[in-house]
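We call the chains A, B, C and D, going by the order they appear; numbering starts again at 1 in every chain.
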Amino acid sequence: MPPAHPFDEDKLKEECGVFGVVGVSDAANFVALGLHALQHRGQEAGGIVSHHPESGFASARRFGYVRDNFTKASLMETLPGSLSIGHVRYSTAGSKGQTQIRDVQPFFGEFSMGGAAIAHNGNITNADELRRELIERGSIFQSSSDSECIIHLMARSLQRNIPERMKDALRRVEGAFSVVAMTRTKLIGVRDPLGVRPLVLGKVGDGWVLSSETCALDIIGADYEREIEPGEMVVITQENGVESFHPFERKKSRFCIFEHVYFSRPDSILGGQSVYETRRQIGVELARESAVEADLVCPVPDSGTPAAIGFSHESGIPYGMGIIRNQYMGRTFIEPTEQIRNMGVRLKLNVNRALIRDKRVILVDDSVVRGTTSMKIKDMILDAGAKEVHFRIASPPTAWPCFYGVDTPEREKLLASHMSEDEMRDHLGVDSLRFISLNGLYRAVGEKDGRNAKSPQYCDACFSGEYPVAPRDMIANGFEVQAAE
Amino acid sequence: MPPAHPFDEDKLKEECGVFGVVGVSDAANFVALGLHALQHRGQEAGGIVSHHPESGFASARRFGYVRDNFTKASLMETLPGSLSIGHVRYSTAGSKGQTQIRDVQPFFGEFSMGGAAIAHNGNITNADELRRELIERGSIFQSSSDSECIIHLMARSLQRNIPERMKDALRRVEGAFSVVAMTRTKLIGVRDPLGVRPLVLGKVGDGWVLSSETCALDIIGADYEREIEPGEMVVITQENGVESFHPFERKKSRFCIFEHVYFSRPDSILGGQSVYETRRQIGVELARESAVEADLVCPVPDSGTPAAIGFSHESGIPYGMGIIRNQYMGRTFIEPTEQIRNMGVRLKLNVNRALIRDKRVILVDDSVVRGTTSMKIKDMILDAGAKEVHFRIASPPTAWPCFYGVDTPEREKLLASHMSEDEMRDHLGVDSLRFISLNGLYRAVGEKDGRNAKSPQYCDACFSGEYPVAPRDMIANGFEVQAAE
Amino acid sequence: MPPAHPFDEDKLKEECGVFGVVGVSDAANFVALGLHALQHRGQEAGGIVSHHPESGFASARRFGYVRDNFTKASLMETLPGSLSIGHVRYSTAGSKGQTQIRDVQPFFGEFSMGGAAIAHNGNITNADELRRELIERGSIFQSSSDSECIIHLMARSLQRNIPERMKDALRRVEGAFSVVAMTRTKLIGVRDPLGVRPLVLGKVGDGWVLSSETCALDIIGADYEREIEPGEMVVITQENGVESFHPFERKKSRFCIFEHVYFSRPDSILGGQSVYETRRQIGVELARESAVEADLVCPVPDSGTPAAIGFSHESGIPYGMGIIRNQYMGRTFIEPTEQIRNMGVRLKLNVNRALIRDKRVILVDDSVVRGTTSMKIKDMILDAGAKEVHFRIASPPTAWPCFYGVDTPEREKLLASHMSEDEMRDHLGVDSLRFISLNGLYRAVGEKDGRNAKSPQYCDACFSGEYPVAPRDMIANGFEVQAAE
Amino acid sequence: MPPAHPFDEDKLKEECGVFGVVGVSDAANFVALGLHALQHRGQEAGGIVSHHPESGFASARRFGYVRDNFTKASLMETLPGSLSIGHVRYSTAGSKGQTQIRDVQPFFGEFSMGGAAIAHNGNITNADELRRELIERGSIFQSSSDSECIIHLMARSLQRNIPERMKDALRRVEGAFSVVAMTRTKLIGVRDPLGVRPLVLGKVGDGWVLSSETCALDIIGADYEREIEPGEMVVITQENGVESFHPFERKKSRFCIFEHVYFSRPDSILGGQSVYETRRQIGVELARESAVEADLVCPVPDSGTPAAIGFSHESGIPYGMGIIRNQYMGRTFIEPTEQIRNMGVRLKLNVNRALIRDKRVILVDDSVVRGTTSMKIKDMILDAGAKEVHFRIASPPTAWPCFYGVDTPEREKLLASHMSEDEMRDHLGVDSLRFISLNGLYRAVGEKDGRNAKSPQYCDACFSGEYPVAPRDMIANGFEVQAAE
């Protein structure tokens, strides 16, 4: 059961996944597989760059799924070599206009000492400022992506080799970033000082792998070695293996807690913990915090499933699949007729009426964003004859936008930004609605004493409003950062 | 949870789904939605025919998924009118050569009294014989499909109207068929005398719907009215509503029991029973018949899930998702590189290692066909550190091919055709392997006293070898029909 | 210089070209080349059927040019074998609705003694009648093409082999037809009793070729053997070579004289005469019949060029290219913007102003159909500063529609159907307008004494209104056949 | 008669055409038409940029013909505004590797004072040097095109507005260039100081047009105003009309004489002279210089036609079309089968055997490059039964490569680089071979006293080896510039 959710439009979206490999023949094929396993982190487009000593750098960037593009022999043959990196990106449709193919990573730059390609997961919070400064000095930007700044900063560095130029560049960059890059001979990985986005190191045969998640190591049969540390840069060559650097000022780690709740795949390991088990444990905590009498614990598929299993175990209330997902919905309808658009929910989900009828139903979902789909699901369940509907949410109220590489609606569109739990319950018209507490969530991810309010162990800005890095461009645009209520 | 299975190549395949609607504007849009809900019954290709009084008949047939073809406004606008039928067909790749677009239904024939289109789920067991006879008399076949016989038989009927011609034609046809057809004004549905394949009637607004399954009524908000009876023909017009005929000699019903086990969607209702609940009950029966000490009940996703839930409930052993399915695998890789092809399983599934390690695991799957994928799954589970692996199968051993519209391997390729349960266990190398008994399966579908051996309530030829209709063409080709052991 | 014309929409259109070859390996490649050379006879779509003893019949039908479809190795590999036929068809857009791929020839039929494919150039004048009769008896038509009748008539023949069945069928057919067909081992060619459409026999290596025109023999390096005679059927096998039959009642030949004027390529040989030389000779005759003082003889490119050269030679007036054709206009703009559509002429032609200015210009064109483009050309020439414009037309006034395989506007849209030569001159606003006389045209094609009015040597119905075969279906629809004025 | 030639692979190729318009609504539609008329200057790819005050800059770049891409309403609607420029580029297949879409112009750069797009016809002879220098300073190149240097030089200029930045940039650039560029409000045109490549100014309604050739003014109904002068920059706005600047040191004009011979369309006006008339005059000069007794003057279509007409007029030998071009060959076969590739010539040309047989034939062609196709044509003509073959070439021997925007083979591949006229005659195996003299060519283009050897009026480096601008990058790569023999 993958973490996707039938109501993608009402979910927070991870914007990227990165993957790189060095030291195996036909490296790009491994990258394609890795990106396929990371597809849930970005479904709009993908790109792969490879390098072969004879033919030099090659690259391909395509809209659509990895499986539809990077599985064709005719394309993969154009990406030879034993060193390759890749990137998948999420659709950020609407708000920012249509993505152009030139916005699709990896980005490539030719420097006087040779070329480099770079793929980036995260968000640079001072990108606007950097871009203005670089244009003023004569840089020509080709994309609207914040990540392109890194390449231009590198081009202007006075350092004599590419890893040093990358250090120079990343020291000017603020925000969250997990970077996978390559030169003609080196695979490079970097995490920002807070380690907000994940990045792991693996070993496959004589080669090395960098990946956003461990599930992409599994798909190619690679062994998990360790996480890249917050603030660490690794430079990997076939000859010398992994060299580690710490180019930034040391800070306390603030990993994104929402990766545990929703973004990462349940079969990945984050910080040594199984994501599936963490989510099951969230369900256990939730059952402890907000028990209710009922006949059925029913997940909102597919992302609510592990928490629902945990809730059922802890509460003793039977688990059942009251909502059936249409498996052929992986891709949204590109050009739907009006009639179809208006049927949204039914296209993706159907209620298992025989199971729901006359039951008191606990619905377990991972989060509430705008609340629009919670409303539709409640309607479906009541139409099917449920006696009571109780929502249990596997995360605290999402009240603040993320500026670290996750696509969130504007603050005022987040239901929890202007409603209390009780107001939301009344708004949704359900018999009860309970979110897990922030402390409960911290306990589920393994912090026995819960959240350390003075120095939180994770980045939980979307729940708390406490931003570990000031979102400089947003503040310049008028966003007001506050402490959480 | 839809009935699809990550190892499609080792599953029996339903070959078709049919859908038709009369009396609603833009009927083809409803048909597109209905076919989308029936996509699990046929994923290779789909076709829609509609009729509008001004522009006459229109048709579109396409390879690929409904969502990728019949959602484009530019195509749907070419299919106007308030009367429309459609069809999805399964890929029967390999053995029978490449499907041509001319093999994609509905088929259309122009008769002297007007045109008719016809879509067919099932298989005509005397099609070869009929085709030879028709060609001898001067009919030109356009496809390699058995279903085209029906149109040619209709063209040669001496009857003066289309429903009567269809009766004439279907009385010459042997085998299993659920037919949805249309003339300029009539929607027609027929089930063969044994009622092997499903066909239901629904109501939407002032219009009427025919569908292979009820889940396709739900998607368009139609109300379920009743099943078409075995041997019944309904002729539906906007003016006169539903007229019922019984053109065939009456026989005792023999519905396909495998529809309950695997083919139909879990949110459909078959014979008044929830498919999900039937499958859960199979899990309960299975737990009763073949209990074993273990730490975890784990479904083989997605089709084994309801039975696994039932098994867990009955046995008290915790339910957990030990195998994670990659949601982006709905479509198989068209042109995979060699390297990817060899990684088959990992592309589609990943093991939840943290959950499996050191556990005694019960794996619940719906069926064993060739056994190739059971083998791979067992390997994955053991690699992940399971202490014991126990397979529990939600159907009896599949030992005989189906000739009634399901794509099965040749008999000798069915593992159960030449191995006992114990031999299969040793072959697969698992700690135990148990299938549900035929009586247990009958009990789960609601026959309290189990199977009536003298007059079985269902078609169970794939388990028993007792074929309710002699497969004439196959016998002519040398197939030996026997009674089950 | 090929016969195409920049104002295709105001030209008569040949509807088809046929080509077949037996006795060479990879025969379909030769057919592709032959069809490419015949592309001027039909530009909308093309199809090729081939047969290989191991894989049986194979076929491919595509919209668009031969060069865009039948040059791809991936497609051509699907058409193996040493026996193959093909067909190109013209766009008959508008009047008859959109062509479907099922209307594209060759047509294929499976008979009890094996399959046959058939490609047809011409028009069956009793097709409606035949179709009604065949449907009444139970034939199912798949296309809207008149040519499909032949296959159904063959299917119902009581003869025991395919050539005999084809004779049976073609004896029921009225109109003009040059047919190229194939069975598993035989290449078959037939011309109707009047021999209205061309068909020639060639030899390439050990194999044989049938083609609409000799220019398609040249492209594959085949030697021209002879024309198939009017009313002749040839049956060709690799073993026995060419066998000749005369299945029809013998009639006097009436070859289409317009093939000489416009349809055929100038590098083809018709009835032993060079088409280029005939057209040049038309120019000579025209100069004799309708001399005028002028400074420049200018062809309307490209089809008017040979006659303009002849006119210049005979008259002594210098030849010059006053109109320049844009070579990139081979294909019409599929989806032009409104703005572009309104610029029609300039897109395709430009005037050579420096040459035209202050000159008395003789424009030589091949025919006048609706007169719309003659008007536009005259405007262009006057805008460029010509002092006088004299039209000389290389065919007599086109006053009657063709029913023998040429796409003509309805009679009332033909300018010459309701205007005299002088009225046309005034209508077009030119200084003079003269058509070649019917006798002049006959002299140019080699009939020294001109037309034999009692028994014309050619079909010239489009000029004379004398139809050598009564257009039965058209008469049933109300068309009044008359003698020419 | 367009300037294209059936043996494109053995011709010099113009590499680009440019077009721009300001002051008309839907300007991009005009650009599409203009580029269509300039298609002969570049057939591989095309691009258009437009600007609309509301939506800003928009751009589309596509491989393939203008008519296949920029005629679709769906695309053209994405290019709104009253200011637009465009570019077509030639295929430079093979030598330089595959073109990427990012190499297709116009190029766009965002500067601090706004964006600019630029399209360039010509070649920058110090591009390698400039690129190295720019990369050293931190510029990131996106293409392999020499033209991208201009944008980066502009980005680094200290000037405060775009026209001034462009002057700065172009003063650093050496070689031949005709540039069309645009800002949000200005259309800009520049020609290099020698004026090697053409650029003309036109007026359409209230708007202004810049175009490589006048034939593209005709297609949109624009009036020809004047040529942009060598070394001139024009800055055009809707408000202020045309402002003229002369930013470069003044030099004597050296326009490319080969534009008269082959590159430009015959209906264009160059330097006040009709290209068609110049070419006819070349034929006249050629007949005077190298008369021979013969029966037929035959052009190698299509580019040899005007000279053949002139030769026939002057010599009195009849003109005739001995070689027929297949009109459907505009686009080369993308993926030809081996068999087809080997038939090269026949695919494109066919001999008019009836005309050629037993004749002494003068073949008039525009140039001889490698000589490979002259050989093939000679073979065809002799195979068709010609008694004698005399080649007359409308240009002097092409002995030197061009470095000013024309794609020429390396020097050693030019037949005339290592053979005298007599050696070439023997090599080709023809009865006689004569090129026009360099003085004859100068007389034909209007220089009554022929070439001024001390200060040639044109760039004729391809004939004389006298390069008016030292090809700096080529010299750095080892090319030895010499004076002509």
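To be clear about the criterion, a residue touches a chain if its C-beta (ideal position, glycine included) is under 8 Å from a C-beta of that chain, and two chains touch if they have at least 3 such contacts.
What you see is a predicted model; the values in this text were computed from it and never measured.
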Requested in this report: Determine whether chain B and chain C, two copies of the same sequence, contact each other through the same residue numbers or different ones, counting it as same when over half of the numbers at the interface appear on both sides.
Outcome: same
**Report entry** Distance between the centres, which are taken as Cα means, of chain B and chain A, whole angstrom
**Finding:** 37
Query raised in the report: Which whole number of Å gives the spacing of the CA centres of chain B and chain C?
Result: 51
Query raised in the report: Between chain B and chain D, what is the separation of their C-alpha centroids in Å?
Result: 63
Report summary line: Within chain D, the set of residues that touch 2 or more other chains is none
Requested in this report: May I ask you to sort the chain touch graph into line, ring, star, complete or other?
Outcome: ring
**Report entry** Sites on chain A touched by chain D in the complex
**Finding:** 102, 109-112, 132, 135-142, 151-152, 155-156
Query raised in the report: What residues on chain A touch chain B, complex-wise?
Result: 1-2, 4, 26, 29, 32-33, 36-37, 39-40, 65-68, 71-74, 76, 215, 218-221, 265-267, 269, 273-274, 276-277, 280, 301-302, 305-306, 309, 313, 318-321, 324-331, 333-337, 339-340, 343, 346-347, 350-355
